[in-house]
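Heads up, the thing below is written out as structure tokens.
As written, the chain order gives the labels A, B and C, with residue 1 at the start of each chain.
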Amino acid sequence: MLIIVLRRLLQAVMVLLFVALISFLIFRYVGNPVESLLGQEATVAQRAALEEALGLKDPIYEQYADFVLRALQFDFGNSYRGALPVAELIALRLPATLELAMTSAIFAVIFGVITGIYTAINRGGFIANLILSTSLVGVSLPTFLIGVLLIWVFSVELNWLPSFGRGEVVELGWWTTGFLTASGVKSLILPSITLGLYQMTLIMRLTRAEMLEVLRQDYIRLAVALGQSKRQVYFFHALPNILIPVITITGLQLGSVIAFAIITETVFQWPGVGLLFINAVYFVDIPVMSAYLLLVGFAFVVINLVVDLLYLLIDPRLRDGQLKRGAD
Amino acid sequence: MSGNREMVAPLLEISRLSVVLDKRHQRFKAVDDLSFRVFPGEILGLVGESGAGKSMTGCAILGLIEPPLSISSGEITFDGVRIDQDASSIRGSKISMIFQDPLVSLNPLRKIGDQLVEVIRTHINISKAEAFGRAKTLLAEVGIDPGRINAYPHTFSGGMRQRVVIALALAPEPALIIADEPTTALDVSVQAQILDLLKRLCRERGTSIILITHDMGVISETTDRVAVLYAGRLAEIGKTSAVLKNPRHPYTKGLVAATPRIDANSFEKRLFQIPGAMPDLENIPKGCAFHPRCDFASTQCQKQQPPLFEDRSACWLSNEGSETS
Amino acid sequence: MHWFLQSDFFYSFRNAPVAVASFFVFAVIILAAVFANFIAPNNPFDPASLNLMNGFTPPLQSNEFTGDVFLLGADDQGRDLFSTILYGLRISLFVGIMAVMLAMVMGVVLGLIAGYLGGWLDTFIMRFADIQMTFPSILVAMLIYGVAKGVLPPDLRYEMSIAVLIISIGLSEWVPFARTVRGLTLVEKEKEYITAAKMIGLRKSQIMSRHILPNVLGPVLVIATITFALAIIAEATLSFLGVGVPTTKPSLGTLIRIGQDFLFSGEWWILLFPALTLLALALSINLFGDWLRDTLNPKLK
């Protein structure tokens, strides 16, 4: 058990170092570190001095090590635009993105699992088929189009919900939250649905497929043959077995939720990290891009790690190291 | 026991049961006009090749037939109550079941104790603690250390898991257990142990068993009576010793002759094979379903389906045979 | 056995109406895009043909200043929306096809190399693929787009933006190709005809291209169909986000971005028609791809 955990940890660190390497290469060779630190108005002498101080003439691996060490202290250099430290920019916008991602993930899981189980149990029913065919359209719709259409209906035509921004936010230390004001909560609704809809359909289809698969198993047939009720069969026998794949996918989807937040944040002008990143791409603001890559990479690796550890908790077979995971 | 069976009321009576498969506006008979009885405390073997309708009969008794399959006619009576329409009152409580593969018969994510308690509490109204105690007793009875009640299925071997499954089947204290090929997936060395265990526990409790198998060896060692199925129809039924010693239906004869026996000269003799293969559902021949493979088939066999003669054998020949003897 | 074969065909035939309908929609869209210069009333990419006075003309109504009538209305700059959609489709499809080609060539070559040669090359390629797959491809595409723009001198950024877009999307989608081809190659290279080819002294590159490649093409085509849908959505998304094609040559995504800006002022047609076109395109490719996957290779499901 401990060895498995340690091995997963080591793998995670290796992946992170690799992501950091790419991030470093972008920062060092695509961007101009001197400019990013001094701004564009610096003199030649200042530049030369900084180049020396930054160790840009040092061997590449030392520079890389230096980059990683500074990243560990949240030092990502300055943004080209406005010359603010990138770390400060990100910290300012992180709460908005995290609140959005969390809300939509919870929305996706709750509705995804419920509709998934419903459509599996009532296979062939009218409502189940309706949900399934709607979901097919939902999967084909690009995220941004869902957002725009929601704005059209609920903001422009019905005027029920705001179409951009976070509404009023409350400051809690360095964190800002939209959960505590009516306008903040209202502002969350459309972006969360936009961001969560695709994940919801994925989770629904997965839950349904897993449920159908589990219900075919012999231990379910045996439970039925031994006279157990439907409720017992679904909740005592089937649910734990579908939880594993659902948790995995949900966890892994959390990563893409953060990435797809870029799109949703752009549609709703949500002041989060994603909007920061897309503007950075637009204005070729290399330090922000490099830092965002590191941040997202970190988030993904941590999520993967947590998912793997959850796996160990739920499946006794894995805990005893009996089964090998297919992916590795 | 079978000597005075006219006087004992049967526990389970199946009469003229037909199970059909609906496929693209066509109807195929998977079980065709099947009748037999099971008496209290007896072990009835149901033997035949795969696809002969053995398992389907088992499922029909428990009301587990689902579309595209359905029961088209016939009656199933358990303890004087008809159950072919709604078997939920007896499913698990009066009749329970054991499946073939113990590796997949247990929920991998639940402790064996929890699975036992779940089944016990479904049918017997007792507290969780009491059910736990019962589960431990059951485990001890099937030969598993009760201390392992909190173990997960994957920590047991195949034979041990089948013991757990037997405990599950016995947990609701049923009057009849349908055991569908309970030893087929197990090592040969374990098969006999499991069969003995099942037989002993059922004898102690007076529980009847319908033992579904394709193995004549298992039939001869375990069962009191045997019913031979061919293509969804009853070919022959009777006391196991009588049927095996003196089979009347040519198919039963073939089955008996095809069973390997370990004796002095068995290594020199080639094992008998019944020529051909059992027809699939869609191509069951007219008349006696066995006639294309039968060495003794006459024109009558090709045209008319034989009835069951003398409550024993569905073969035109056995009719003549019994007349001459 | 024979009966089962029939029943499979029967089954797929019963499901075929969806496939036929989606293929039909897809074909109409492709033809409309290919023959855009014959169908479209005017060329929206030619600044000379535009009249700013025509801006915001609603569908099928004559403009109050110029009297021009547009089938689907005109956008903010007075471009005929119908023509713009047709020309925009061209760009979307072009970017999609080129990106899929790039991803396919790259994925197939790397997959063949990883599968056939094995060793550290295999480890390196597949490890890299694993890491890339942890990130959603749209994010990878955005990063590559940003980096490519950073590498290019500022005066070239604008002209090269379509090429940059193709490269970003292509590079973000190669992994599924490589994984599938590698897996199939591993199976294929153990077969006897490969041993025979080795015996007669064919070079590794010859064995890979002449013997293994033809045997892995079926699944590759299925993946290509699905990737094509993904690439078109990626292009639309990037263009919508403003990091795709330039606004003078709008693709569907760009048009939807423009449309969103004018929703609140009531000019709904600028959004609706490009959105419907994109939806029809994405849905038809998805449905057709699903059917193709199920029919050609049930195991991929």
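In this section, contacts are C-beta pairs under 8 Å (C-beta built on N, C-alpha and C of every residue); 3 or more make two chains touch, one makes a residue touch a chain.
These figures come from a predicted structure and were not determined experimentally.
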Closest chain to global C-alpha mean, per-chain Cα centroids: A
Most heavily contacting chain pair (counted by C-beta pairs in contact): A-C
Whole-Å gap between the CA centroids of chain A and chain B: 54
Distance between the centres, which are taken as Cα means, of chain C and chain A, whole angstrom: 24
Geometric centre distance via CA averages, chain C-chain B, whole Å: 57
Junction residues of chain C, two or more chains touched: none
Residues of chain B defined as touching chain A within the complex: 62, 64, 88, 90-93, 96-97, 99, 101, 104-110, 118-119, 122-123, 152, 154-155, 165, 168-169, 171-172, 178
Residues on chain A engaged by chain B in the complex (per definition of touch): 217-219, 221-229, 232, 236-237, 240-241, 314-317, 320, 322
Of chain A, residues touching chain C in the complex: 15, 18-19, 26, 30-31, 136-137, 139-145, 148-149, 151-152, 156, 163, 255-256, 259-260, 262-263, 266-267, 277-278, 280-282, 284, 286, 289, 293, 296-297, 300-301, 304
Complex contacts: residues of chain C adjacent to chain A: 131, 134-136, 138-139, 142-143, 145-147, 149-151, 157, 229, 233, 236-237, 240-243, 253, 256, 259-260, 263-264, 268, 271, 275, 278-279, 282-283, 286-287
